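Structures are listed in the sections that come next.
Below, subunit A partners subunit B and then partners subunit C, in two separate complexes.
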Partner chain A sequence: MATTHEASAIAESRAAPARRPMRLFRNLSAKIASLPMVLVAVVIFVGCTVWTVVHSFTNSRLLPKLEWDGLSQYERLWSTPRWYVSIENLAIFGILSMIFTLAIGFVLAALLDRKIRGEDVIRTIILYPFALSFVVTGLVWQWILNPELGLQSVVRSWGWQSFTFDPLYDADIVIYGILIAALWQGTGLIMCIMLAGLRGVDEEIWKAAKIDGIPTWKTYTHVIIPMMRPVFVTSLVLIASGIVKVYDLVIAQTGGGPGGSSEVPAKYVMDSMFAAQNLGQGFAASTMMLLSVIIILIPWAYLEFGGKKRG
Partner chain B sequence: MKLTTSLLGATALCAATAAHAVDLEVTHWWTSGGEANAVAKFAEALNATGTHTWVDGAIAGGGDTARPIMISRILGGDPMDAFQFNHGRQAEELIEAGLLLDLTDVAEANGWKDLVNPSDLLDACTYEGRIYCVPVNIHSWQWMWLSNKAYEDAGLAVPTNWQEFVDTADELRAAGKIPLALGGQPWQSGGAFQVMAVALAGEEAWLKVYRDKDAEAVMGPEFTSVFEAAAQAREFAQGSNVQDWNQATNLVITDQAGAQIMGDWAQGEFALAGEVAGTDYTCLPGLGVTEVISTGGDAFYFPAQDDPEVTQAQKDLAQLLISPEVQVSFNAAKGSLPVRGDVNLEDVNDCTRKGLDILAAGNIVPATEQLLSPDTAQQINDLMTEFWASTDMSAADAQQRFSDIIANAD
Partner chain C sequence: MADPASLNTLAALDPVHERTGSVGDMTGPRGRRPRRAFSRANIFLYGTLILVSVYYLLPLWVMVMTSLKGMPEIRMGNIFAPPMEVTFQPWVKAWAEACTGLNCEGLSRGFWNSVRILVPSVIVSIAVASVSGYALARWRFKGSETFFAILLIGAFIPYQVMLYPIVILLRELGLYGSLWGLVLVHTIFGMPINVLLFRNYFAAMPEELFKAARVDGAGFWRIFLQIMLPMSLPIFVVSMIIQVTGIWNDFLFGVVYTRPENYPMTVQLNNIVNSVQGVKEYNVNMAATLLTGLVPLIVYFASGKLFVRGIAAGAVKG
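On to the complex of A and B.
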C-alpha cells in the first residue's frame, strides 16, 4: 500500500515537471488566433517606433538614410519657436479638453439618468457629432466661428452691433476656438460611456442613500463617482489618445494660423517630413511626442496596475 | 474549359494591345477650373498622337498635399509615369537616388538647350550635367495687383510704385479700404516678403541672401529697409481676415482692398471676374521699383520604369509637352508664359505683355524654389507667417531670425 503511494507520488513528481511546459500549449487555438495581432504589434508598432527613433539621429532629408548626425536634429527642434508654440498649444488643449470633456460628459449623463422624458432623442442629438469626422467638424466650426458669416454676424444682425467673437482670427485665443469644436465632437461619446456606467449602478444604492437622507448631489460625489472609477479610466484613455494625435481638426479649422499660433506637434511632424522634405527633423519631433506620452503613461500605469497587486 | 480559353484569349488580347500603345498615368495638382482646362490640352495632344493614352491622376488640394503623395508612391515602388513638380530643388534627392528618368538624350536630340528661354528653366532641370525634367510654363511671383476703383473711391491716383503705395495707404484706410490684402496661408506671406526683397533691396543683395546664403547680407542696410517695409506692409494688411490667396485676390476684385502682392496666377481670377487689365485693375511688376520677373514655374518629371516601351512613351510625352503647338494652347489656357522664345501668344492683355517684355529684355531672377531647399523655404514661411500675423515681433527681431535661418541654410 505504502509502496503504491510512494510510487504514485514519484510518478506525480516526475510528471509535474513534464507537464509544466504544456502550459505554453494551453488554449493553443486562442494563442494562434492572437498571433497575427501580436506580430502586428511587435513588428509595426515597436519595430517602426525603433526605426523612427534611430533615424531621428540621422540627417535624412527626403529619403531615410543612415548617416549619423548626432543630436543636431534635436538641437534644431528645441531652438525652433514654432515647436514651443506647438507644445504650449497641445498642453492647453490637452488639459482643458480633458477637464471639460469629463465634466460636461458626466453632467450630461447624470441629467439624462434622472429618467427624463425624451431621453432617447436627446441622447441621439448629443452623440450625433461623434459620427462626423474631425475634418467635417473642423469645417463646420470654421464657418460657425467665421466673423463674416457665422455666430458673430448672426448676433450683430439681431442688433448687438459691437458683439465680437472671432477666436479663429485672434492669435491669443485661437486654440480655444479649436477646443470648442473638439468638445462639441467628443463629449457625446464620453456622455454615453458615463451613462452606461451610471446605469450599471445598483438601484439599491440609490434607495439606501435615500433612506439615509443623503442629498442627491452628495450621493453622486461621494458614492456614485467613486464607484465609477473604471468608467472614468476608460474615458480618460479615450480622451488622451485623441489629444496627442490632434491634427486634422487644426488643418480643417485654421491650417495652423493665424500666424502659426494654432500649431500642434503632430502638424510640425507632418510639415517637416513632407512639406519641408526633412525626415530627420520630423522623426526627432515625433520621438519627442512619444517620449512625452511615455513620461505621462508610465507613472499612471504604475499607479493603476502596480497598486492593485499591493492591495 | 470554355472559360479557360476565353480568359487566355482575353489575356493575349490585353498583352497585344499593351505592346502597341502605352497608358501614361500623369499626376498633377491642377484641379481648379482654369488649371483643369489647361491640363486637358496636354491630354488632348497626347491622345491625338494615337499611340499613347493620357491617364489623368489629378490630386486635389494643391502642391503641399500632392507632393507627399507623389513622393510616397515613387518611393513605394509604384511610380506613376509622369508627375508635375515645381522645378528646382524639390526633386534633388529623388534624382540622387536614381528614381527619375534621365531625359538628356531627348533634350539633346531636340535641341532643348537652344529653344528654352530663359535658359535658367532648363538649368533648374539639370542635375550634375544631366537633364531630368521638362519645363512647361513660367509663373512669376513679382507682381502687385491694384484695384483702380478702390483708389478712385478714396479720391486718390493709382500708385505707380511701392513708395506711392505706402504714402497713400493711410488715406485709403481712412476711406474704409484695406490697403493690402493678404491671406493667412504661410506661403503667401513668405512669397510677399520675397517679392518685396527683390524689389526693394535690389537684385544683387537679394541674390547674395537667397543664392549665396550670406547671413551678413541679411543684416545689411538693403535688407533692413526690406524688413522695415514689411513691418509697414503688415500694418496695411490688418483686417484682411481671409485664408486662401484667391479670397485675398477677391478683396481687390471687389474693391474692398487696394492691392495684393501675388504671382501672375492671380490674373486668372481677375479674368474670371470679367475685369480688364488697365481699366479695372493695374499691375506693377517688381512693385514698380525693380522691374524683374522670377522664372519659377511647373515642370514634369518622369519616374524611372523597367519597361523600355514605357520609357520610350515617357520620352515621347516629354518632347510633346515642349512642342510649340502644345506650349501655345496650354499656356493660353493656364495664363502663364511659354518656356520657348520662338512661339507667339496672341491676344495677350497689358499685364501679360509687360511680363513678356521684361522676359524679352532678360530682366529675370531665379525663382526661390531653385535656390532654397524645401526645408529652408518652410522655415522662412514659418517665420514670415508669424511676423505678418503678430504685431509683437519687431522688424529687427525678424531680421535676426531670418539671418539665423540663412546662416543654417543648405
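On to the complex of A and C.
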C-alpha cells in the first residue's frame, strides 16, 4: 500500500529525524494484530502439515516418535484391502458427484433463470439442505433408504411387492446411497453459484441468439456454457475439495457398513489414528489425501493464474 | 391520434376484436405478447421445478411427520403419511430423556454444549479475522501477502492432515478436551474464509476515508474501531452466518478435540441415533435430528439473501 508507506515515512521523518527506526517496528500494531493470522498460516497450515508428512515416514504407533522407517507405512497402506475399498469408493463417489452436482446444479439454475414466478421460493427450497449438517443429512437419508421403514416399504405397501431399493444394505451399491444424500445436500450451493454465473451473462447475447434463430438449448450448449467456464471450474474445485473431506456423512449414514463396504479415506485416517492406535498409518493415509488434493489443485491454479502463482 | 373511424375499420379486421366482441382498439396493451400461462414449455418448466421442490422437501416432511407420530403408527403405516394422532412426546423425550450409553439426559446437554462452544467461537473467530483482514487490506507489511496466500491454500488441506499435530499443540497448551481448545480450533479453521471476506470488504472501502483519518493522526486501532467498524455491519452479518452454521454443524472437531461430557449436539445426536442397543425409536430420533438442524435452519430462513451472499463468498474457499 503505497500511501500507507508514504504516510508512515512522513510520520517517521518528523518524529525521529536523527536515526531511522528499525524496519521491524514500522506498522508495529498492524504486525501485532496480524500475529494470529501469521501463527495460523505458519504453525498450523505449514507446520502441522509438514509434521504429519514427516511422521508418515516413521513407525509411530500409540505415540508419535521420530524413528525413520522409510516407506514401510505406505507399503502397508497400499497392501491393506480396506484402503483399496476406501479409494475405490472415493473415486466412484467423487467422479459421480462431480458429474451429477454440476449437471443438476446447472440445469436447475437454467430452469430458474427462465424468468419464472416464485423463483425465490424454489431457490430457498433447493438450497435449505445446504444449511444442514452432514450428520443430519446422513441420518435422514438413512431412514428414507431404510427398507423396513422408508421408500421400499412404502412402495411395497402400494402393492408393488417385489420392489427392492435398499442401497444402504447392499455392499455393492452402498456408495450410491451415500451419493444420493450428498447430492441432496450439495446441489443447492452449486445451483446458486451457477445462477449467479447465468445472471452475469449479457442480455444482448440472448437477443443476438434469438435474432439468429438459434434454439434455446443450442444457445446454452454452444454459447452460454463455454462462456461460463470459470464458474464451472470454481464449482468443480469446490466440489472436489469437499469430496476428499467426506467423513461425517458416512459416519452418520452407514458407519462404514455394511461390512466396511462404504469406507472412505478420511474414515480410514480417523480409525487408524484414534481407534486402532496406529498413528503412522493415519499419517500415511492423510498424506495420500493431501497428495490427491494437490493433484486436483495444481491444474486448477495453473488454469486460473496462468502459472504465475504456485498452487 | 389517427382518425377514429379508420381505427375502427382496422379493428374490425383484428381477430382479438372478433373473439372478445369488444371494441377493438389499436391503443391496447403494448410490448411483447405475454406468454400463455399453460403453454407446453411452461407446464414442463413449472412441472419440473415443482417435482424438484417436492424431492428436496421430502426429507424434511418425513422428519416432521414421523416426529409427531407414536411408535405403533410408525410400525403400521408409511413414513410419508401425516400423523393420524399428533403427539409431542417424541420431542420431549428427544430433548430431555434420550440416551447415549448410560447417560439419559437427552439432547439438551448437547444443545447447551453447542451453545457454549458456538458463542465464544463465533466472537473470537470473527474478531481475529476482521482485524487480520483489516491489516491485510490497509496496513500491508513485508510478507503479509505471502502469509495470506498460505492461509488461502491452507483452506484446501484436508483437516485429517492437521488433526493430530493440533492435538499435541492443544495438549501442550493444556486446552485438550476443553471447550476453549475447541474454540481455538474453530477460530483457526474459520480464518481463511473470514479473513478473505473482511480483507476484500475493507479493501473496497473508499481509501480517502482511511487517508483522512491518517492525516488526522489516528492509528491502527483507532481507524479500525471508529471508522471501519461502524461501516461494516453487512460483512459482519455475512461472516456470522458462515461461522454460526459452520460451527454448529461441525462434527469432526467435536469428536476429536472434546471429551464426551463436552460433546457438541451433532456428535451427541449421532451417538443417540446410531447407538446399537435398545429398540430404534424413529420418532424420537427424528425429533432429535430436527432439533439439531433447527439452529442452522432458523439462521438460513431468517437471513434469506444474505445467506446466499455468504456462501457465494464461501465458494472461493471450499
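Before moving on, here are some points about what is shown:
One rule holds for everything that comes next: the second predicted complex is superposed on the first by the 263 of 311 C-alpha atoms of A that agree within 3 Å, B and C clash if a C-alpha of one lies under 4 Å from a C-alpha of the other, contacts with A are read in each partner's own complex, and residues count from 1 in each chain.
FYI, contacts are C-beta pairs under 8 Å (C-beta built on N, C-alpha and C of every residue); 3 or more make two chains touch, one makes a residue touch a chain.
Small disclaimer: the values here were computed from a predicted structure and weren't measured.
After superposition on subunit A, the partners subunit B and subunit C are seen to clash. Residue contacts after overlaying the shared chain place A:242 against subunit C, while subunit B stays out of touching range. Comparing subunit B with subunit C, the partner in contact with more residues of subunit A is C. Once chain A of one complex is fitted onto chain A of the other, the partner contacts of A:255 extend to both subunit B and subunit C. Within the superposed three-chain model, A:159 lies out of touch with both subunit B and subunit C [touch as defined at top].
Of the two partner chains, neither subunit B nor subunit C is touched by A:226. By the touch criterion defined above, A:46 lies against subunit C but remains apart from subunit B after alignment on the C-alpha atoms of chain A. In the superposition on chain A, A:213 makes contact with neither subunit B nor subunit C. After overlaying the two complexes on the shared chain, residue contacts for A:275 are found with subunit B alone; subunit C is out of touch. Within the three-chain superposition, the subunit C stretch that clashes with subunit B turns out to be 95-103, the only such case among 41-49, 95-103 or 131-139. Shared interface residues of subunit A, touching subunit B in one complex and subunit C in the other, are 255, 273-274. Those residues of subunit A whose C-beta lies close enough to touch subunit C in the complex are 1, 3-4, 7, 23, 26-27, 29-31, 33-34, 36-38, 40-49, 51-53, 64, 108, 111-112, 114, 116, 122-136, 139-141, 143-144, 149-150, 153-154, 157, 184, 188-189, 192-193, 196, 234-235, 237-238, 241-242, 244-245, 247-248, 251-252, 255, 266, 269-270, 273-274, 279, 282-283, 285-287, 289-290, 293, 297, 309, 311.
Those residues of subunit B that touch subunit A in the shared complex are 64, 67-68, 71, 75, 90, 92-94, 97, 184-186, 241, 243, 373-375, 377-379, 382, 385-390, 401, 408. Interface residues of subunit A facing subunit B in the complex, by the touch rule stated above, are 61-63, 76, 81-82, 147-148, 166, 169, 171, 255-261, 271-278, 281.
For subunit C in complex with subunit A, the touching residues are 45-46, 48-49, 52-53, 55-60, 62-63, 66, 74, 78-80, 128, 131-132, 134-136, 138-142, 144, 147-151, 153-154, 156-166, 168-169, 187-188, 191, 195, 207, 211, 214-215, 219-221, 245, 248-252, 256, 266-267, 269-270, 273-274, 282, 285-286, 289, 292-293, 296-297, 299-301, 304, 307-308, 311-312, 315-316, 318.
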